[in-house]
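Dropping the structures in below, format is structure tokens.
In what comes next, chain A is part of two complexes: it sits with chain B in the first one and with chain C in the second one.
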Partner chain A sequence: MSRSHIALAALLLILLALPAFVGAYALSVAALVLYFAYTGQAWNVMMGFAGQLSLGHSLYVGVGAYAAGAIFFHYGIGPWAGLWVAILLCVLLGVAIGFLAFRFGISGVYFALLTIAFAEFTRIGFDHLDWVGGPGGMFLRVAQRDTWDIANFRGPPLMYYYAILGLSSFAFILCYVLLKSKAGYYWQAIRENEEAAQALGINTFRWKVCAVALSSAMTAVAGVFFAFYYNNLFPEQIFNISRSIEIILGPIIGGLGTLFGPILGAAVLTLLSDGITELLAALGLEIPGVKQVFYGVVLLLVVMFLPNGIWPALAKKLRMESR
Partner chain B sequence: MSLLRVVNVAKSFRGLRAVRAASFSVPQGDIYGLIGPNGAGKTTIFNIIAGVYTPDSGEIVFDGKRIQGLRPDQVCAAGIGRTFQIVKPFAGLSVLDNVIVGALHRSRSVSDARQIAISILERLNLAQKSTLPASSLTLPDRKRLEVARALATRPRLLLLDEVMAGLRPTECDQMIQVFRELNRADGLTILLIEHVMRAVMALAKHIGVLHHGEVIARGTPAEVVRDPAVLECYLGEETRV
Partner chain C sequence: MPPELVLNVVIAGVLTGLVYGLMALGLSVIFGVVRVVNFAHGEMMTIAMYAAAALFAALKLDPFLAVLPVAAAFFVLGYAMQAGLINPFITRPEHSQFMLLVAVAIILVNALLIVFGPDARNVQLDYQLESYELGKLLLDKARVYAAGLAVVAAVLLFLFFRFTLTGKAIRACADNYLGAKVVGLNVKRLYALTFGLGSACVAVAGCAMVLLVDVTPGLGPYYTLLAFVIVIVGGLGSMGGALLGGVLIGVSEAAAGLFIAPSAKSMFSFGLLILVLLLRPQGLLGKRA
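And now, the complex of A and B:
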């Protein structure tokens, strides 16, 4: 057991025991941290591992959320079935975007623009889709808050907390295994130098599409969680580009391409921004947009002083693997 | 028997004819040097063989199969490894991981690939640096890493694009030893493009001279340096006097 294994086990134990020690508000903040840790890890597969910049990951959150949400809303079928529809739709979308871009050699900034375009026109499309409520939104039935109805994924906040804890732990293990596998090596090679990767026999087109497919599938699951946790979905909000930015800030600040970076980044951002909001409220101040300014400042500081993110620097100090 | 045959290959870039009707063949087990003045079309031919460009006409036959028009990864899968003139290490990965990426293609598992990578690094005197990030290597080491990575794909033909350029004479001699050994002990066929004549003369068993996109002379090093056409293109016409 290395230091990092022990640290991870300790962290997991703390998170498992957390609900016993904190109140409802703190638990909801913790759930939010884990949600961004999960989506950050999903995005990190594409950008951090394979080097493909997506600025439109709200697309997969939104489509995943709407798919599972609509199936529940219209047919009363719970998310355990809806999940697969959500994953399937998002993978199809991701593969379509990847296919279009990579087949025609679109990469870098232009690929990022393409991902924004897809998220944006899907937003506009959902605004005109009456089946899911259009711009007026879709509202899922809010069930009793005290019983655990696992079949329909309705229950108290505690259930959602453990669900998102399970999801982000699963994502962590998946990423750990992937990075040590053939796929991880190939993705990193493509990220570092695509031409050299191809010269070493890697079908870069196929592996890039794989990265997009996996990342979109993981993000779709986050969307399903989102739908059943918040119970209301508006195209204007869920597909918004600011949602995509929120997803990517965690891994960028924590450490791109690392295993622990997305988790650390999500914790730093969510805890500090919530802390600032709380502090200002306590002081009786109300400053609109303070969260955005805060994100901007943190990003600026990290880019200036820790260009590889917080985790690689911290890991060095703690004598752990910088992964 | 020739392992690689380049037959009447031509390639133009927007009207500029970089290669016109170039033909040569590399026998199995040979070390073949392709030389020529700047702009002769050496790197273009190299990239056509490696699958980066599709030729406008002509054939590339490797081991009896036509390979022109294949993608670079398919050319690699066919058994041709290459290095880049401007080195392209996976800068963020360790030296060992760089070579593992190359070895994975013909390995069943990552641990198999690791074993192969370690033995190749030892062979190229890079074993002590295997845990360093590739970005920290000096130029000679980066060149060696290029070779190690290409060798890890276990090619039957190794394409070397100016792998000696920028090396000091002693470093150059070390590289020459490595290639000689690979050729002798493993039977690896090597096609090298090189400006450093010291290396070409020391290594190559056969040489092709490229000038204005055509192969104007072929033969052993001793034959080629006496060829009047070669002297003309390298030194100018006055030498005839």
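And now, the complex of A and C:
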């Protein structure tokens, strides 16, 4: 057992026991942190591992949420079935985008813009899709707040907290295994130098598409969680480019390509933005936009002075593995 | 549908498109030379629109006169931003530069929200209600003037890059960073100059655009995406391409508004972007790398 393993076990225990010690509000903040840790981990597979910059991950959140949400809304079928439809749709979308982009040799900024274009295109498409309510949104029947209806994934906030804790733990373990697997090494080779990787006989096209497929599948699950946790879906909100940026902020601030970075980044950002909101409320400065300006300034400072993210720098101080 | 109506809408699209084109030209120059993704481009456009609207509200200054001080201020701000903030990032990875400008964009758009609030602002001038009649065609005066201003600014920029020594030096930096350094060009200063010029383009485009639409802080991200779409459709680093891309997007937005629904207009732009990226990634007028 290294220091990292002990620290991880302690963190998991704290998170498992957290609901016993904190109130409803703190629990909702913790769930939000875990949600961003999970989506950040999913995005990290594509960018942090395989080096493909996606700025359109709201596409997979949105399609996943709408797929499972619409099946529940129209047919009353719970998310355990809808989940697979959501994953299937998102993987098909991801593979189609990856296939097109990588076949035509699109990379870097151009690839990022292509992902934005697909997300925006889909957003406007959903705005005109009456089956899911169009711009007026889709509202799922609100949960029974006192019973755990696991079959329909309806229940008290505590249930959602443990669900997202389970999801983010699963994503962490999956990424841990992946990083040490053949796929992980192939991805990192592609990230560092694609031509060299190709020269070594790696089918870079296939592995890049695999990274997109896995990342979109993981993000689709986040979308299903989102749909049943918030119960209302609007294209304007869920497909918005600022949702995509929220997803990528955590891993970039925490440390790109690391396992712990997305978690740390999500925690820092969510707690910071919440702390700032509280502070401003206490000072009576509730002007819209003030919080976001602070947010932007913090982001600016981290990007300028900690270019590799917080975790690699912190891990060095704590004498842990910087992964 | 009467053909005059269609023609009117298409011409209005062309005229608005020229203003879009000038905005995108600013991005094309920055992206083409400095190779930094200016993700705060639309936010800068929105600030220029607010500046013109504020000058009008305070001094009754016509945006066509306000364009001079606003463009000068934007040149200085752009120069300072490149010199102080972005130059240290030019050797960093793409995503790092991107995050820097995302941070700048977040700060700018929310600073606008704090200063001006969420309500729409505009300018009201007599000639905005007048129009030229050419047979059955009606051309809004304000739109014609705005497009004219955009064309003049684009021509000036083109002449600068073509015929001045500084302009040639900037093109040299764009063509070969290392080569430009070897022959003794002060690349960082030229980068700052380029960012200043790109910002001035945005300022002119913003002053022209405020005659045509109301401005809200939320326009920023929309214009950023629009500018990227135009630059990529037209071809990166091609000045004519940026204007052509602007006109194409302007017309397709206007046509989508007429034939389908106003809310579907940007679907066409993004559809066009996807097609161009897949079929002709160097853009319509761009050269293959």
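Annotations
Everything that follows uses one rule, which is that the second predicted complex is superposed on the first by the 322 of 323 C-alpha atoms of A that agree within 3 Å, B and C clash if a C-alpha of one lies under 4 Å from a C-alpha of the other, contacts with A are read in each partner's own complex, and residues count from 1 in each chain.
By our rule, contacts are C-beta pairs under 8 Å (C-beta built on N, C-alpha and C of every residue); 3 or more make two chains touch, one makes a residue touch a chain.
Just so you know, these numbers come straight off a predicted model, no measurement behind them.
Residue contacts after overlaying the shared chain place A:A196 against chain B, while chain C stays out of touching range. Of the two partner chains placed by superposition, only chain B is touched by A:Y186; chain C is not. Of the two partner chains placed by the overlay, only chain C lies in contact with A:I245; chain B stays clear of it. In the superposed model, A:A313 makes contact with neither chain B nor chain C. In the superposed model, A:L129 makes contact with neither chain B nor chain C. Shared-chain residue A:T204: touches chain B; no touch with chain C. Number of chain A residues touched is higher for C, counting chain B against chain C.
Listed in rising order, the residues of chain A touching chain B in the complex are 180-182, 185-186, 188-189, 191-193, 195-204, 257.
Of all residues in chain A, only 47, 53, 100-101, 104-106, 108-110, 112-114, 116-118, 120-121, 124-125, 127-128, 135, 241-242, 245, 249, 252, 256, 287-290, 292-293, 295-297, 299-300, 303-304, 307 touch chain C in the complex they form. Within the complex formed with chain A, the chain B residues making contact are 50, 52, 71-73, 76-77, 81-82, 84, 88-93, 97, 100-102, 104-105, 110, 149-150, 152-153. By the touch rule above, chain C contacts chain A in their complex via residues 37, 88, 92, 94-96, 98-100, 102-107, 109-114, 118, 217, 221, 225, 228-229, 232, 261, 263-264, 266-267, 270-271, 273-274, 277-279, 281.
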